[in-house]
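What follows is a set of structures to go through.
Next, two complexes with chain A in common: one pairs it with chain B, the other with chain C.
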Partner chain A sequence: MPIHEKNLIEKEDLLEKEKAVVDGVDVSGRWNTFIRERLLSDYHEDFVEEVKSLPGGRTVTNCWQCGTCTSGCCLHTDYGLREFNPRYFIYLAQIGNVDELKKYGDVIWRCISCNKCVERCPKGVKVEEVVHNIDEVLRRRGVTEDTPGSRWDRTYLDNIMATGVLDELGLTLKYVRAEKPEDFTRGFMARMAVKIIRNGNIRTGPIRRRTRGWKKMKKVAEDILERDGYASAK
Partner chain B sequence: MPRQNEKMAYYPGCSMDGLGKAYQKSTEVVFRDLDIPMNRIKDYNCCGATEVKNISYDLSVFLPTRNLALAESMGAGTVIAPCNGCVYALARANKSISEDASSRQRLSGYLQEAGVPQYSGDVEVKHVLEVIRHSVGLDAVKARVSRPLSGLKVACYYGCLYTRPKTYTGAGMKEGKDNPEHPHFMDDLLQAAGATTVEYPVKTICCGGGHTIADREVSVGFSAAILNEAARAGADLVATMCPLGQVNIEMNISKITEQYGAEIIRPVVYFTQLLGLSFGHSRREMALHENISDANGVLKRMGY
Partner chain C sequence: MASPKILIIGGGPAGLSAAQDITDAGGEAILVEQEGFLGGTPKRLHYSLLAPDLKPVEEVLDPLIDSVQQSGARCMTGAKVESVNSGRNGFTVTISGGGKKVEEKVDAVVVATGFAHWDPHKKYEYAYGVYPDVIDFKDFEKMLSDGNIVRPSNGQVPRRVAWLLCVGSRDRQVGKFYCCRLGCAVSIKQAMEVRRINPAIDTYVYYMDIRTYGFWEDKLYWKSMEEFGVKYIRGRIGSINRGEDGRLIAMAEDTILQRPSEVPLDMVVLATGMEASEGTRETAAMLGLELEEHGFVKPLESDSMPVSTAVPGVFVCGTATGPKAIPDSITEGSAAAIKALNYVRKRSIKVQARA
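Up next, the complex of A and B:
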């Protein structure tokens, strides 16, 4: 059989022959690839239950694996990151194949929340949120590590929790200092800062803007975060 | 004219008072010229964008709901937001309230604890673009144009979360809402302003702005694709409607030039800046000098 999504199968499990003859019939070409027989036994049936128990992951079991989300996914199709495959992540979560999911620990976080998948899913799966919740459960269980994406989300959250509104420059500086992305050099940052400060648009650090009455909101927000298992950086 | 009983509150969102100030200034001018009232929600808070939901569902609904509750207590039936991310977060909160009783109940408790008025879930969320396009109408816009943008070729870039997902925003289902797969409101408006808008394939692709710094490869890749397709279609400029998209593409321009060459670079402007120009305002009034990319050159050459 021609094999679709060949990239999902481990190289050593693929058998490709230059020339294949079966029962005297030449089946070379499209039909020359075989998958080695393999047996999976290590399933975590509670994995999908944990994803489902999170409010953003509730729709994970609605998925009927049509692949609409993957075919339109900005990352998979438009950007061409073939190993990012939301349909497959959901499948692995449903059957509890955590070992296989682990291999995608440095891929899943790259979802950029564009929501094209949620827009198009015929089964009402909140694909994007489900994908993020699969990532969350993997990290909670210690299967995968923190990622640039999860660290970005946390830096963002800590920033807005301080005053209720975002300090864009403060957020950028903090994240860049910690992660040192290659092209955010000092020179580049300085040029951007000059431009932005000259416009007079930025109030950062101690003079940053704040939401009046935020204190009370903050208290409630902190309680929610604590209950959701989030430990603030401060 | 907007119907009188349909009071609209304006939720600027953090960026409009920060990096997106030029968008705010030009939107204010356009609203004034078209008699659209701008009733700012005072002491708004961050909507949580697309980040907070990855950490706590409840908080990601609670944050925007406070803003919706404040809008409702101002007597508004609609809240206008200029940023795609805000439109998404606000509309998502409405959806969560309407479809999920247990979340609704928890939310009501949080609001009470924080001393925020209770919220019905009924305030409709609209993007600035939809408000200009529909509550005023194309004829009113045309009537206001004193210096048509003739000869200017614009690639309208809508980005991801303006209509998506339609189950939150009502796109394609409610009156005054754009088409979720083929949005055209910005094209309509800029054509009414005399510009030519080009057809190109990546109008609603993601710009990578959610991960501008966290995932440089993807963010630069998407921004380059948008500029490249706009250039191929013969556009002089790219027009945006989201402060995050605008700043993300602009910040990537130096990297894109390095990787793909200067031929595909096109300056990026807010659509309200172009509308304002067509209404007779100067480039300075439209704060074009505040953009990171330089559109002044091409606009000057065309006589604006």
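Up next, the complex of A and C:
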């Protein structure tokens, strides 16, 4: 049978032996190609329930697959990361297709939270939060590993939980030291620091500010985090 | 001038509404219904809640039935119009019922003979009548009215129920080229009812398009997915098979995933479309009314004169002219009533002028 939609065949589903002989006939290479079946054999309802239970994940079931989010997405359209398709991630979450989501484990976390999708969604899906929650559930289930994105979230949370006020300088230094992103050279960092201090985008200096009464409030925040399943930031 | 006497054929929402308005306007209404009760198909098939306000059928139709019965309209249930002869001064009709025949002279006729659900047996690939867990709209409405959602095959509560839209509509293979207008709304309403009664049952709607026009969009479609978690799968099921454990396997293409889908389901509800009822076809033949290409009664002008017909003195309303919701049928019944009354009044003025 001729294959009509070759673009749908994924590399890992293509089974092919370089050398093969059957009944004395040489069937090496393309002659012995098999393609694994791409069958959807079940739905898994618990996945979407878990996404829904997280804060910000409630709107995951609002999605009707129009594609407004994806077509305006910074990553998908402007940056050209075509695999990043929030519409598709949401559908996979809705029907609980974890196997397919797993393939995008290294893509989903790359959302830069520009929130254009949230602005434009006609059904009021909080796309950015929902996609982050899908990523979170995948990690909680051990389907995907920690990513630079999730480590950033963790560093961010720890930072803000310390005093109740975000310390941008400490946050950046800690993250950059741990992750060592290639682009963040010393010169780049220094130039950036001058720029953002000058234009007022950074408000913290060497002295850390504190939220008044933070000790009491921290307890409340920790309780909420624990309730929502995030390991408390103690 | 004697009060106008008008025959109404059919005691469903449209016929009841026409009867009420004719008597309210001082006319004399004779309502002929073939069943032994008033209320039409919604009552006969024990519909549950009505879209979009999710009110029970009784709450919508019983006040109408009561007011018709108290209004002085002559309601003949279990009766049938045998023949209609048009003469110089209106129509002479023969009505049979209760073992006897009566003859009546009337000034005008309102046809409100309604629709029938399409018979899903004809779509053999869905195995309706073969697998007991494949049911249709009317079966499921009955189930909801009884408040007992169980798999017909084993009496157990289903884990997963799916709806398949457009069965016997929008299908060249069965000669139904039109949209039934209500299938989406009714399926969604049923799915919402299921989720409200038992949130542990997962509900899926297999669709090509969702056509919940007007206010049904947010009242039904949006609400179902946002508040009730009804899930929507784009793809028309090609056939229904039985799996090893007795569950149903819906063979479909998930067109969003772009892959074949063979997901086990416990029950499949076929969203059967509407077609002209036998009564509609018989009555149209008896009165010499033309049928339009889909088999329903053809109005004189479907855009500007939807309740008039090419036969003077005969008016038509409700689902006899095409798929329609209950509120639309009730509105059309009133429209047909006023058109019939005006027809009689104008004719009597003409007769008086001639005399």
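To be clear about the criterion, the second predicted complex is superposed on the first by the 168 of 234 C-alpha atoms of A that agree within 3 Å, B and C clash if a C-alpha of one lies under 4 Å from a C-alpha of the other, contacts with A are read in each partner's own complex, and residues count from 1 in each chain.
Operating definition for what follows: a contact is a pair of C-beta atoms (placed from the backbone, for glycine too) under 8 Å apart; a residue touches a chain by one contact, two chains touch by 3 or more.
Just so it is clear, the model here is predicted, and its values are computed rather than measured.
**Q** If you stack the two complexes on chain A, which partner ends up touching A:Ala193: first (chain B), second (chain C), both, or neither?
**A** neither
**Q** Would you check which partner chain A:Glu5 touches, where first means chain B only, second means chain C only, and both and neither mean what they say?
**A** Second partner only.
**Q** Tell me which partner A:Tyr43 touches in the superposition: chain B (first), chain C (second), both or neither.
**A** A:Tyr43 contacts chain C only, not chain B.
**Q** Once chain A of both complexes is superposed, is A:Val143 in touch with chain B (first), chain C (second), both, or neither?
**A** Touch status of A:Val143: no partner.
**Q** Going by the touch definition up top, name the partner, chain B or chain C, that contacts more of chain A.
**A** Per-residue touch count on chain A favours B.
**Q** Once chain A of both complexes is superposed, is A:Gln65 in touch with chain B (first), chain C (second), both, or neither?
**A** A:Gln65: touches chain C, not chain B.
**Q** Which residues of chain A are in contact with chain B in one complex and with chain C in the other?
**A** none
**Q** Of all residues in chain C, which touch chain A in the complex?
**A** Going through chain C, the ones touching chain A are 160, 202, 204, 222, 225-226, 229, 231-234, 254, 256-264.
**Q** Which residues of chain B touch chain A in the complex?
**A** Within the complex, chain B touches chain A at residues 14-15, 17-19, 21-22, 42-46, 48-59, 62-63, 66, 88, 100, 103, 110, 113-116, 160-161, 163-167, 180, 202, 204-206, 208-211, 213-216, 218, 221-222, 225, 251, 254-255, 290, 292.
**Q** What residues on chain A touch chain C, complex-wise?
**A** It comes out as residues 5, 8, 38-43, 45, 48, 52, 59, 61-62, 64-65, 88, 91, 94-95, 97, 100, 123.
**Q** What part of chain A is in contact with chain B in the complex they form?
**A** Listed in rising order, the residues are 54-56, 74-75, 78-79, 81, 110, 112-116, 118-119, 124, 129, 132, 136, 148-154, 156-157, 160, 164-169, 172, 175-176, 179, 181-184, 188, 192, 195-196, 199, 201-203, 209, 211-214, 216-217, 219-221, 224-225, 227-228, 230.
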